Amino acid sequence: MDDLYREMIVERFKTPLFRGHLEPHDIFYEDDNPVCGDHIEITLQLDETGHVRAAAFDGQGCAISQVAADLLMESIQGKPLDEVRALTKEDLLELLGIELGPTRLKCALLSFKVLKAGVYGLDKTEA
Amino acid sequence: MPNFTALREDFPTLAREVRPGVPLTYLDSTATAQKPRAVLEAMDAFYRRHNANIHRGIHTLAEEATAAYEGAREKIAAFINAPEAAQVIFTRNTTESINLVAYTWARANLKAGDLIVLTEMEHHSNLVPWQMLAAERGVELAFIPVTAEGLLDMAAYARLLEREPKLVAFTHMSNVLGTINPAGEMIAAARAAGAITLLDAAQSVPHLPVDVQALEVDFLAFSAHKMLGPTGIGALYGRRDLLEAMPPFLGGGDMIKRVDLDGFRANDLPHKFEAGTPAIAEAVGFGAAVDYLRAVGMEAILAHEQELTAYALERLAAVPGVRIIGPRAEKRGGVIAFVLEGVHPHDVAQILDGEGVAVRAGHHCAQPLHLCFNLPATTRASFYLYNTRDDVERLVKALAKVKEIFG
Amino acid sequence: MPNFTALREDFPTLAREVRPGVPLTYLDSTATAQKPRAVLEAMDAFYRRHNANIHRGIHTLAEEATAAYEGAREKIAAFINAPEAAQVIFTRNTTESINLVAYTWARANLKAGDLIVLTEMEHHSNLVPWQMLAAERGVELAFIPVTAEGLLDMAAYARLLEREPKLVAFTHMSNVLGTINPAGEMIAAARAAGAITLLDAAQSVPHLPVDVQALEVDFLAFSAHKMLGPTGIGALYGRRDLLEAMPPFLGGGDMIKRVDLDGFRANDLPHKFEAGTPAIAEAVGFGAAVDYLRAVGMEAILAHEQELTAYALERLAAVPGVRIIGPRAEKRGGVIAFVLEGVHPHDVAQILDGEGVAVRAGHHCAQPLHLCFNLPATTRASFYLYNTRDDVERLVKALAKVKEIFG
Amino acid sequence: MDDLYREMIVERFKTPLFRGHLEPHDIFYEDDNPVCGDHIEITLQLDETGHVRAAAFDGQGCAISQVAADLLMESIQGKPLDEVRALTKEDLLELLGIELGPTRLKCALLSFKVLKAGVYGLDKTEA
């Protein structure tokens, strides 16, 4: 427990660094976990070379889902889209740095799912 | 009055530590109950000595197993005061019991335009089977609204009955609000309006005296695992004439009297509805659970839980930021769902778990009810005969920790 | 080769006396198997330490219980070489597995006039669900005949396939004749004819290596209780695309993704087909049973049983008045049904029971097959990994007693 | 076992005393137990005062079902119909004089069911 709610997580939940909605944006996606009502949307702006210029999330839900989203947005700043597409669940869990049971894993991975859908969705509109 | 603190000793799980130095405070009996040693030993003894397939077996083990299985049915029938053991059908759980009625009685008797009355506080188990039927057959569903206090709106119910529903199906006790609905009254009204009644007794049979003859209910569904028994078995009680007129549900061994390549003749009750090898050892465990509950006494269990709930409501109400949903103590059983301002129920449950306090967080399979209260999720603490005031204190203390962390 | 005599020690029931001085000779494993200590202890440990409802629980016990339940699914999936654990649905037993397919896949895909091919040797579980469907929907049933030797008539099967059946459903191993049907070949032929296939593996998964990918079968049904596991749980394996396209079966908790008063969205596999609280402890026991069988080795078990069966066939054939039905040793598993001239099978079984020898008498839920052989009933002895030549000797000796009594 | 297959039972099975089919008869009924193929038919002749003048059974099945039928026919010889109607399961089991498990009970009681149906069936044709 103390592990799970390390100061960093609670602090970050109270004062997220990447919460917001970018307008205009190049990528938008949102989804939710109906079981617990967690909701996450993300907006990304890209530069000419396909790197993430800015990333933001918005939504509501438990600390794990919100902080995971915040950390995820932080981690992709400046990254090329290819690298974002290659992100794995494990990368996100490493950012969180905590052990999660199966139920909370779904909370943690919601933003990951949303981001993936967003960056692959872009592919489709490009094609 | 039984000694509820002393009987904790009968439940091995309650002695466990969640992690070294952190004892378990189990407040999740609404999801599933812990099991007393007597239940585990009954099943183990069955497997070690009498294990055999039942019915039509001539050898000693088969006859012993059949007697044990049918003996369990008799115990369970007596527990709910069913007129006959043959009116108790073994199923997997409450959910299957309700689906059985939906697939057989309802599909044989309802047609497009017919009305089924449910409530807004139903568990998905008493909602989705009827939604499936509605989608397939064009049957209409209507819902008795839940008031802000968490009670059923009886005036609205009376108006719905004027529409002459064919079926009224509702929960005896809400697994979220704790509300104990006035089942006797509601069933009488439904009957007067010409409707068949089904009571979702998943939360009532474990926690209060239930008498199907006094209730005059047509169908009653419940699960062993919520009443100290094993997983994998539940029961459906039904009125004899209804059960006899219903087509069978699953086809296979034991539910037939005679089969040739062209067709079959269904067996007598209760076998007609028990196709294939049933949950034999689980029935034995179910019987042992009922023996245990009877020995303690259902009146005493209800009184104990209501006393504990009243105490817990008082203690929780004193925690700043806690909002409890559901009615006042007299109208409810031992279930308390709440939200803590500024902290998601998942985070609450997780931090409580760190303190060894096991509660549920989520919509508790009653999503429409949560929508009514405009809450995506709640945290739920629930009690059973083995819980004590100490458990309540540990819950309150752990909530303080949540507030400390989320400051 | 494992020591099959030594592993008898793992099965508490086998040590029991039927009555004082009369040890048990258990020859009824086709009805249900005895359980090794490892299975009973796994379930008991689950109840004593980890018991909780699964899925969506955040507290420690709920997470442990979920991991145990899903871990069992993985073991069972690996045991039949399913591509994914999500393709294994937990049911109550083989019977429910088959009914699930009949209620969902078949009702969504078959219409009046469509043909289903079965065989004359089916257990009622793989016959009555299709008769119910035939009566409801006007689907036609046709049967592969059984030859006098107790084999399927493959020429007749080829002719039936020309009629382009939509489904071919048959037993992998007969619970009466012991016949092991050439499933791979029959499935390939069915697929070539455009049919979906369902294999009743109630008797095969317990007794021989079964690989769903090698068989390329679409649906496979089996029960835990016949393979050293507990009662109350079985499994349905299905091809992913079929399972995904199928409508849900029972409605309720856990099988949904989202519910409001107007409707629901079904959950992902396998949860879509598992409504309500499942048989959690039983899944744990099922997993332990599979561990036990793997450790002994299915090839070795099959070899042991076939060796024992060949021996028993020889010994029984030498008893005057015994008539054995079913094929010669190479084509069958460890099941021997017979009649003894002049003595009704019930009387045979009863006198054998007096000698501690547990066999079945009756039609073994395969009444149409008995009609084919013009026998109302047979006596059936069946073997599993824990049986030995001593058991066969005791059977033969007890049959002598029958003849002595009926002179 | 030795209890169940007392010499009397096996002897009686081999040489039943009331096997046969009475022609003409006043009462006829038959039924079977599909599970094991036991089949029993009975024929009764009555005298003017409604007493059983003669009774016979025919059929096939296990020793228990056949001997029970034979003993039952014996026991009703000369009895008034009212008394036959008042017979209980327990009376029959006493005639057999053995303990039976639930499966074999069905075998034993088949002739009892047939007899009851027969004597109550007569009522209907009289009415």
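Per-chain residue numbering starts at 1, and chain names A, B, C and D are given in the order in which the chains are listed.
Assume a contact is a pair of C-beta atoms (placed from the backbone, for glycine too) under 8 Å apart; a residue touches a chain by one contact, two chains touch by 3 or more.
Quick caveat, the model's predicted, so the values are computed rather than measured.
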Label of the chain whose CA centroid is most distant from the centroid of chain D: A
Chain A and chain C: spacing of chain centres that average the CA atoms, whole Å: 47
Centre distance in Å when chain A and chain B are each reduced to the mean of their C-alpha atoms: 39
Mean-CA-position distance for chain D and chain A (Å): 81
Chain B and chain C: spacing of chain centres that average the CA atoms, whole Å: 31
Overlap residues in chain B, where contacts from two or more other chains coincide: 56-58, 62, 258, 346, 350, 353, 361-362, 367
Junction residues of chain A, two or more chains touched: 34-35, 103-104
Overall pattern in which the protein chains touch one another (line/ring/star/complete/other): other
Inter-chain touch pairs (all): A-B, A-C, B-C, B-D, C-D
List of chain B residues in touch with chain D within their complex: 55-58, 62-63, 66-67, 70, 257-258
Footprint of chain A on chain B - complex, ascending: 343-347, 350-351, 353-355, 361-363, 367, 375-377, 405-407
Touching residues on chain D, where the partner in the complex is chain B: 34-35, 101-104
Of all residues in chain C, those that touch chain B in their complex: 12-13, 16, 18-19, 24, 26, 28, 31-32, 34-35, 40, 43-44, 47-53, 56-62, 92-96, 98-99, 102-103, 120, 123-125, 127-132, 135, 141, 143, 223, 225, 230-234, 248, 250-256, 258-264, 275-282, 346, 349-350, 352-353, 357-362, 365, 367-368, 371
In the complex, chain D residues that touch chain C: 1-2, 4-5, 10, 13-14, 34-38, 61-64, 103-104, 107
